[in-house]
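Provided herewith is a single structure, encoded as structure tokens, for subsequent inquiry.
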């Protein structure tokens, strides 16, 4: 079973079970964002979590569990995203990229924020003028070193 | 004075004054990230803040203040960024874009996170295994509506 | 049922029923442009409207109604459109983009016209020298704010 | 004098004179959007209007008037615009392009809306939930014909 | 029946009937180039001509006639054509584009040649040094106007 | 003197002398389109014609004459043209490319129309419904041969 | 039978018959490079040669012979080739393009080498330091002419 | 002195001295194509040849000689060339690339023709039907090996 | 059997046999990286090695062995890779490309490192601060020569 | 002083002093590749090393030392490199990318080789059949983790 087939199987089961990403995150004791990324085929699950995801969705299938554990090839369509929700994030990177580089390197020295030793969360923040989306990214700072 | 000349003038003054973005944010009572984006020419400053930025950096120059207040044309080089610090953010958008879309729309319904009614912060989180960069994005949820 | 299959089903029914977009808009009490965009899979319908669209076209099918309600991934073919009708709109954005930015920001201050809190209509304007197409776009002004 | 130099001269004069696009449109008895597009070098002015624009801005300079009258080469930077205000218009064309094609061709038959025999206006519509931008495009319908 | 299937059906019938584009143009009383473009799915045929094309090729099929009448979505592969015959035309546009713009606008004023109110013909011109291809394009001049 | 400097010199002289392309074509006994392409730096002039162009424009300058005679490097900006007049020609190539290939190869066999052994003319055709632009291209047919 | 199917049929037969391109060239009395290009669907064969190719490969099939005779649409994958053997040729064009233009135009005057009235051969040149590939291209010089 | 300045200096001297590439090749005892590529800044000259080129053109300048000896960075404008002479070579690579790969690998086994251990010549071949350009490329075959 | 089918067959067998790339390299007496590249269809195997690979994986199939021996067309998806592991290598080439060019050409003179007469290895280097990946590339230096 | 000016200053001094990258690496006790990348403006030097580089090259200039210490913006020209030496490295990434991903992830689990916690060396390996270039890359393995 390849990642796209795994994704379709998981999405259908999630709809049948009416499990939200929060529910599924709870069930396997991981962040909903990370669990969703695993189900989208963009991260691999450790064996025990792969098992738990399958169980939570009522899908006890070895091929599916293997697919959850497999190292993904992380690619995406379109160098510039088009869907408005995703484009706005791309726009933030474009508009604020050099600003973030300067602010981060002033705080930490020359280096980057890892996108591998990395986690991310999404929260709904209530607001009388309209609720807000809060995205938190947390990555290890990796300094450049001389050699 | 156009935005690039304004940027160079401000960066040189900041170096002379040895003011960090935190210092400058403090001095004008705004977030360091937003102040940096203004100095990079990617946001416009309201008149009082434009005045305060100029004062804080010892640059009482009307042309500079006009430049700080002007509506910027927000463009960036390269559809795909190359600098590793900025590329990692682009990669996060590519790898996690559809995941974030699904998690956000499950929480809020059909719509997007605004990149205009939006704020962002950067923090240094101490960690014995290596300090971490924490970026928080906070944007109003905008629902699609029928008409 | 995914959005493309939904689209083909709806277009075939519309042809069978000889319902114009105006007719369908009437039947569900929404603008023909918005209804067409829903049928093209580029907007989601609220549950009651999804039901009404299906009824109006004689298609009482749960999978179809689910497809009408699903959040769409809004993507399009070709960064630069080729079909002459669509290209002319792209050309208008290219030729008049900076002009519109200046005129709008002079009227409203620094900010943008939302493409999410947005509606659009098309009218036929009779003219002895040849009838004219009138497209009206109406989007909320979103101001940039400091933080 | 080429179009970019003309543009800079006119923008500086407009700032000195504190004339809005509405003021300038009034002064020369044309739509503010069209006048702005002339000043941005994206349309040519007929001789009498070129003269009036120069007079209104206190710039009685033959080279400038020649530049206003010259046929422009209409090009723009970036196949995909980046500035958020302009990008949102591009996004509208992408998201709604096939929808508009279908709605227009159902109303008019096979053909297009001209971008040459074309006019456009921008209005501010007051709204208690936040004022709105209204853009109206009006182009002659051009039918395809057999030959 | 979509346009590609229509195209294949028509090409096969044309081969069976050994009808050249000249023959088919004659049979339906239209230019061979226009008839070919209809059969390639790049123009729509008025109802009577659609009927005549079908009859001339011995294909009395309602779905085919509907396909001939449908408004086409005019798109093509490759922003830059590769086939040498088509590339040479692209090269002519690149090499002579600004020349043609200048010559046409000197003759007509600011405006363009329409590609919609447009016709085109191809002739074989005998020449002892090698026969020549003569392509004639004929489009309405559309002037830009102020508004 | 390189081709761009030559072009600017010639255009300024042409404006001073109020010579149209037709006038200049007459003066040197060549087609106005070809003469314009030489002045745009996209064709080289034989020595006698280079001399005549210079004389007609009152520019007796050896460096200019050398520039007129030099073999041009024929390049253009933008794989896809943006100026509407030139874009419409590009669109014609895109929309009608495969049609023209089929019509030409049916008439001539496998081969192409040369863009080198090639000439082109522009005429104004009066028409009560609006004058028309007529462009005639004439290129030698080059057959593919086996070897 | 389209060109890709023709290609696969011919390659399979060639493998079964263990005929090299040299053998096949011999059998039909044409250059191996040209015969290979026909079998790759990038050139059309005159009727007698098409027949001979089919016979040489033991494939007496009218559809195949028609496919060999059909005018090909010459397109290729990737504006920049990736396979190292083909990329090296692309690199030669990039590195030596302006050099070749200058050398050829100095020898012949303003014009080009035809890629249509053109032939090409490949030879193996023995060399004690490692055998060498010799590619010979031979194309008619086409002069630009005034008109 | 960088390569572009070196190039301009050499081209001007060559024009003054009326030396063809053949003359210059003779003078330094190397192929005209290679000498031209050195003067275009696309190859480095060994010290003795650099000296001879300078002498032949009457340019005894150490900075020039250093520039001739320097390792070039070989880059070119445009992934797809536009000048017709160079484009035709690109087209040959596109049309015949897979053909050449098959013919060469059948003759030599898996490997490529080197573009580094490589030479090239251009000849004028007289022909009553129009003289021809003959380009010969000669590169070492490099076999892929297992390891 | 084409290369993609060969690849899938080999990967399934490798999983069934639980053979690592090291095991398979051992079994056929070649480097694991080279063997993996053969199984990915990016190198051809000499006959004896093709046979050994098939035997080691329990796949005695002539079509498979032919596929292993066939000359591959080496192409890849995406001019810029997206998978983070592969992108980091691309980034290294971008960041260090001119540095490597200078260091190598200072050591060797004008020329390149061959990617054909080339080998590569991957090792795991234990490190208390986190194990490291060591990639060694070894390619023949190919000097540019005059001709 | 910006990075490009710093680069030119350092390269000129290095030429005057006839210091190789090995010499300069020795003088500052760092790898020649890293020192070269600093001088190319693609890495920042710690203060003591910046001082030593300046001293070694006889350039005691504070602005230069500041430039050596500044965090670089790491960008490069051309998504696909053209210079043959650099292109060959790009080709290696394209041809062997998926192979390396598989071999590394089999050895280490899901994760990547860091391009930040990274070093690289170049050696000349003598070989009677032609000396070889050996490039060694050494990067920390970064595992993906669940969160």
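In this document, chain identifiers A, B, C, D, E, F, G, H, I and J correspond to the written order of the chains, with residue numbering beginning at 1 in each.
Heads up, the rule we're going with is that contacts are C-beta pairs under 8 Å (C-beta built on N, C-alpha and C of every residue); 3 or more make two chains touch, one makes a residue touch a chain.
Note that the structure is predicted; figures quoted are calculated from it, not measured.
Student: Return the chains shared as contacts by chain E and chain H, ordered by label.
Tutor: Chains in contact with chain E as well as chain H: F, G.
Student: Kindly list the shared contact partners of chain C and chain I, in label order.
Tutor: Intersection of chain C and chain I contact lists gives A, B.
Student: So which chain is farthest from chain I, going by the mean of the CA atoms in each chain?
Tutor: D
Student: Rounded to the nearest 5 degrees, how far is chain B rotated relative to chain F when their C-alpha atoms are superposed?
Tutor: 145
Student: In whole angstrom, what separates the CA-based centres of chain E and chain F?
Tutor: Each chain reduced to its C-alpha mean, chain E and chain F end up 23 Å apart.
Student: Quick one: report the Å distance separating chain A from chain C, using the average Cα coordinate of each chain.
Tutor: It comes to 31 Å between the two C-alpha centres.
Student: As a quick test, compute the distance in whole Å between the mean CA positions of chain A and chain G.
Tutor: 49
Student: Of all residues in chain C, which are in touch with two or more distinct other chains?
Tutor: Each of 73-74, 76, 79-80, 82-84, 91, 94-95, 98, 101, 105, 111-112, 114-116, 142 in chain C touches at least two other chains.
Student: Among the chains present, which pairs are found to touch?
Tutor: A-B, A-C, A-D, A-I, A-J, B-C, B-D, B-I, B-J, C-D, C-E, C-F, D-E, D-F, E-F, E-G, E-H, F-G, F-H, G-H, G-I, G-J, H-I, H-J, I-J
Student: Which residues, counting only chain H, touch chain J once they are in their complex?
Tutor: Touching chain J: residues 73-76, 79, 115-116 of chain H.
Student: Note which residues of chain C are touching chain F in the complex, please.
Tutor: 80, 82, 84, 87, 91, 94-95
Student: Show which residues of chain F lie in contact with chain G when the two form their complex.
Tutor: 30-31, 34, 38, 43-46, 49, 71-73, 98, 101, 105, 109-112, 114, 116-117, 119, 142-147
Student: Which residues, counting only chain H, touch chain G once they are in their complex?
Tutor: Chain H reaches chain G through residues 20-21, 32-33, 36-37, 40, 42, 74, 76, 79-81, 83-86, 88-108, 111-115, 118, 120, 122, 124-125, 127, 129-142.
Student: Name, in rising order, each residue of chain A that touches chain C in their complex.
Tutor: Residues of chain A touching chain C: 77-78, 80, 82-84.
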